[in-house]
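Presented below are the structures under discussion, each in the form of structure tokens.
Here chain A shows up in two complexes: once beside chain B, once beside chain C.
Let's turn to the complex of A and B:
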């Protein structure tokens, strides 16, 4: 079946029209639960990519329509942009978007020049536009030399516009800890110290990883194993004594009732990029010393975390750490 | 040829020459014993008088787990004062001047140490092939010879830059240099002597090339033996230069005050010395391959005749291939080095990977992704000159897609640059979706996928212009499909599984991931090569017909290598923070701060440009000195045969 070339533009338009409601759904679908929204977005994106591939196949193989690479280029680029800017939710920062789009732009250029034929397909219309003297070529030449500088001018104008947003901060989220700290007049060497409440049923030190058998168990029953008893006491600190949940949230996801008053917002322990990347002693340092003791490289020291050593005893700090790992199901980092 | 074959006199002469070389190699080790004896005598004398003062090593432990104790044999690390112990040239930053001279010396040093490795391999390939096909053997021999010529010109530049570096040290950092020289005193002259030896062996190797070239006879093997020596000395030299750097990053063999404890081996064998050396050897080899490939591309682009074009097209392919062979294990060596750094000092590891310098790794990741994508792109361009590649061309875009998806995962930073408003909109420092790509599990998966994909592209390249004739072709194809799909499933599964287990177990997962990748390389490629046995060619490779994009891709490859070396050098240096020698000798100059990324990026780019400017001069000189007799069309056709991987 052959269809008129002019109609081929209809398919991308349909795809974009379909993408918009799906993107809106993905954006709001989580209703505050970013995880689910994120995964919906991922599923939709995968679906869209497969759909786009199928569409391409349909147009090329079944309908026999050849779309020149020069036309494919902006279309693919726009698809990447929509996927990363609109569908991927919550929105990624501009710096990351710029990086991703940079990769996509280069990749599409490589795609257009992969083989001798595809390069001809891509460059031939440009050569015609630059060299030929017939009316069509002239028209596209004038249009190009108006549109391209125009786009650059618009971009320059946008960049020069004064913005009233807060400036970008390259925060070091995990600054290097000191070699040792002094908590309640006791020296804790962060490289070697161990959590004294990481104990198994036999009362011995529980190796990291072995606590997985306690994940999902109820720590609040009377005959709970020793480890879970520590978890419970840590939980009491988290929800009671210290009230960590006000900022770090009931689910330890950094969305406590106070969290939205802070800038930057409190750490999300449920994220695989926070406590699961750190040693228990690192977390101990952060809890005990809080924002005021952040190291030099953690400039601009933007943290409202109080130094909890002033309010809790050492044991409570260690226990709340046990609780945080147990609740999120992550393991602290170890080197052995 | 001036030398008669099997001439007795010549043989005796060669044996004498070789034994002299062997003796020269051993010579530098003689002073060690003398100085050790002297030290022993001195120590004995001191003992009789007051008894030696013993001090604890900062790193080494004895059998009981206590710090190892050794006799204090040197002065403590000085407390450097600015401006007394530091020099300046006007308003220039002394550190930046040193940085530039160091980097330039390192570039040329790496290059002249890497090229003999290639030359050795190429010469061996030439000798092996010579028996079956003298023409092809000679072609490889000529290639090796030409590579050596580039290296020779670069060698003198290296020596000059070494001099510049020493003078820069003495003029700008006399206090620091004085301390390090006092520590390394027992081996400093060995370094210098080895350098003389290296020069001698290099000149004999290069200028004796034609005189000792009898195809695959005794003289040729003698020549290869000299090449082996050249490489051995080169590697020892590199290791010795490296010990200074390793000592600065992770000192040992001294006490907490920085006093030398009498055992030079403990100073050399620091906690990070071995992984740094291994990483550097592989890095040098990859870099050397890249630079030679760029040279060949330069000659390819400027070639006037089709024969010349064919020769340099072929040469660029071979050099690229050798470089990539070294590039593939490089990420794993880097991974090992990083693990050792974490084991040595957790702070150092965190400063590198999660803290202050984490963004440098994003720069490095960008470069490494560039390297792998470029290699794949080059191979695809190179296939354009192999009639029959059209059968595989539809796969190119999917390969590219896999590479791009891996790159996106590979590049995603853990620490994002964002405005506070963006941070709020995102709901935390980590993004719920792309945040998952910011951790090690995703990175390992991405890099292994990229390497596996590169192997796949190479397999397609190998069979591009070939009609496979073996009766078990379909079984072989099926096996390859299962191998690659299985490996990728394994890599992906382990990558995802990594999120659910403790970090120490997760580190272990990288081993089976790497194993999958290496299986594809070491099983997939040989199986494919086996399938090519007895195959018919659709048409010979049209050497010289590669697109210019392919040649430029090789330039990009070489520049990316150079830039990666610059940025990682900055990283390795910066991680010491305000220390000249970590925790021993403090940097008290006004330049003790860590350079911002933007500044480092500019200096790195300046270094890269400076190096390439000098290198273009070297290329030009090499092209000028003697016009190489280009490969004839018949020879060009000869290399189009189906020969084992890496040799065509």
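Let's turn to the complex of A and C:
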């Protein structure tokens, strides 16, 4: 069976359309998580493309309707646009979209001009529109001559109209920490410091990972294990003494009642991209020194995070860190 | 980057939504369906709804579900992970957070719940409790748990609250009558209905006595709730802060429900017997109409979405208005500035009453005008002997000791112990106030770098323009919250300042350029100028560093549109038209030269 050349050129286009989300997916578009929604999108997208080809084949071969290349052109173009703009997630920046659409346009033009016949199919209506003097050609000529320059002029106007958006300022969320910090007249070396309240039932230091048995347990019972006692005291700091929840939220998800007013927004500890990617000592530095001690790329001038050493004692800071990991069910990153 | 991280979680749902839309539109095209044939069920006035419609129990006698002991036990687990921190281990509303909150966490023990579908004083339905947990209680710190806890977890925790924490009443007591209200037939909003509702609001039901003439909650400010805590009437012009709005604040159904049931434990009574169903719908429509601009909501916060660029428009005739009623202000939409409490440095403050400011700005070649409008139930002027309406009284009742915790902190001595007062107590009433802040040398500081947003830092000073209710206008040099100097300059003028019906309107002006280029900010058009906002409510003990504040916004004085914008597009049009005619001539010529051949 001879494959219609019309379809042969569509295959590279499909490949391009499929390859991009595939790459985005593989590149960890979901923050290192399995991006299942993206997977379904891919399957459905593939189905749509195959469906469109099948539809084209049906119309051409079975219904015997000939669609001129000139009409196919905008249809294919729109299909590519929709795929890149709407279906592809997360959305790609405009510059990339413009580049991909450029490639698609060339590909579709190639497809239209593949043979002399198909090029004629494409260009003949244009030539007739430009040249002939019968009523139909005249009407379409006048319309084209008005609409095309009109649209481009309107677009020019839009482009020239000054627009004033928020400046794009890229902020580093987790800047490099200092080697050591001085909190309440004591030197804390971030490489070696340990959370003194990370303790097991025997009162000894609890290895990271071993605290999972306390996750979801009730810290408020009278005979709670030592670790959970620290959790409760940390929770009292978070909700009471310090009032962290006003910004970081009752679920530690950065959606506290003040969060709507802040830019940058408060950190979301429930997100796998924050405290679970950081050492406890990094968090200790962030809590103790707050926004003003951030390095330049993290915008110390705009962060509303207080330097908590002004309001809390060192032990309270360590305990609130224990609480944050317990509540979110994450483990701190370790140096190993 | 932070923003992206947060958005990711919802991407999946967005894709699903977009895909289904895509599919629909594709099939619509294929089948030649009329677009109008596809009508989504939007629910009543669901235009700006950010949440699915809440469950509504059916009217009439209601029998609560009796949860199994396994469900109650599972609910207890959820409670002690998520709820105990505010509601306390015995559900008495005395968790660790309670000392800092003015709307106290609910004390479950009495079985008194505000937001219900049931008669005044009656227990709530399971649906009501489920909705409160799912959608949260807006305007308080109770967040919507619907995205966090599974449906089963939410139902279980309600079971635990009903059976273990409500102690003075029992849900399966045969003497407990629970009757669900009847919404009747909803009357759609119309000018007539709103007018009838206004009459009910002002005269028949006398809502005006507490909620104020314009509904800003500035009526009776001396009431207390059942637990002895001071309570203030709701500001109906900020429906996104109403506890029972179910994240659908412009829906009159919520208002109808609350007017019908009253809020148990508060001075808000039920009007089920005083007002007919029709009258209650009219008053609900009237209340919703009080919010003139139905702003789109931020799905994360449930409050109006915030844009961080404050746009200032150029005034062609060169004169700035002197009052807020001037027509020129209609040219600029009011923009919302979100305000938080200054909890960063001593004196920390948690209970700001100004949570949003409405901003408008106009400018000429030489001068800029800023119109601030913000809701404040009280007009406050400094008076040492007058008793303030809010402040730390809000935190206390006879049974809840009157410690002003917002003032207390450890004294950096690295010793645990009782909290100590390191800041002077507020005494009496202070001045209301508003201020904006620019970097003194902002134009020399390369973005994105800025000065510390809380009144600057040692290195980079700030220029603060501050107005106070006693008429003081000051230009202040700030190098941090502890280092503030009032300067001699008198460039800033306040030409209008008036408090009316729970709203301040203050009109501030300054010349764009001043003589002191070092100490005062020089403003230019066409650039994003970083700006920060501050507000004080003198009846909430707010003075100095005890204040409401924003983070960085930008003031953009939009330059007038250049003439070329109007000239170039017509030229483009003409040139393209010329090209078209040239192409036509070329096509004709080609055909003449190749009469037999194919084109191209």
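Just so we're on the same page, the second predicted complex is superposed on the first by the 169 of 336 C-alpha atoms of A that agree within 3 Å, B and C clash if a C-alpha of one lies under 4 Å from a C-alpha of the other, contacts with A are read in each partner's own complex, and residues count from 1 in each chain.
Basically, contacts are C-beta pairs under 8 Å (C-beta built on N, C-alpha and C of every residue); 3 or more make two chains touch, one makes a residue touch a chain.
Remember, predicted model here, so these are calculated numbers, not experimental data.
Applying the stated contact rule after C-alpha superposition, one finds that A:235 touches chain C and leaves chain B untouched.
Within the superposed three-chain model, A:86 lies in touch with chain C and out of touch with chain B [touch as defined at top]. Looking at the shared chain after the overlay, A:123 reaches chain C, while chain B stays out of its contact range. When the shared chain is aligned, chain B and chain C each come close enough to touch A:173.
In the superposed pair of complexes, A:94 makes contact with chain B only, with no contact to chain C. Once chain A of one complex is fitted onto chain A of the other, the partner contacts of A:112 are absent, as it touches neither chain B nor chain C. Judged by the number of chain A residues each one touches, C leads among chain B and chain C. In the superposition on chain A, contact of A:314 is made with chain C only, not with chain B. Using the contact criterion defined above for the overlaid structures, shared-chain residue A:273 touches chain B and also reaches chain C. After overlaying the two complexes on the shared chain, residue contacts for A:153 are found with chain C alone; chain B is out of touch. Common to the chain B and chain C contact sets on chain A are residues 37-38, 41, 90, 119, 165-167, 169-173, 253-255, 260, 263-265, 267-268, 271, 273-274.
Across the complex, chain A meets chain C through its residues 30-31, 36-38, 40-41, 44, 48, 55, 82, 86-87, 89-90, 119-120, 123-124, 127, 130-131, 141, 144-145, 148-150, 152-154, 156-157, 160-162, 164-167, 169-173, 184-186, 216, 218-220, 235-236, 238-241, 243, 245-247, 249-251, 253-265, 267-268, 271, 273-274, 290-292, 296, 299-302, 304-306, 309-316, 327. If you check the complex, the residues on chain A that touch chain B are 34-35, 37-39, 41-42, 88, 90-96, 99-100, 103-104, 106-107, 110-111, 113-116, 119, 165-179, 190-191, 208-209, 253-255, 260, 263-265, 267-268, 271-274, 276-277, 279, 282, 297, 331-336. In the complex of the two chains, the chain C residues touching chain A come out as 1-3, 5-6, 8-9, 11-16, 18-19, 22-23, 26, 30, 76-77, 80-82, 84-86, 89, 95-97, 99-100, 140-143, 145, 148, 298, 300-301, 303, 306-309, 311, 338-341, 343-346, 348, 350, 355, 409-410, 412-416, 419, 447-453, 457, 526, 528, 550-552, 554, 556, 558-559, 561-562, 564-566, 568-570, 572-577, 580-581, 583-584, 587-588, 591, 598-600. Those residues of chain B that touch chain A in the shared complex are 342-343, 345-348, 350-351, 354-356, 358-359, 369, 373, 377, 380, 384, 393, 396-397, 400-401, 403-404, 407-408, 411-436, 438-439, 499, 501-505, 547, 549.
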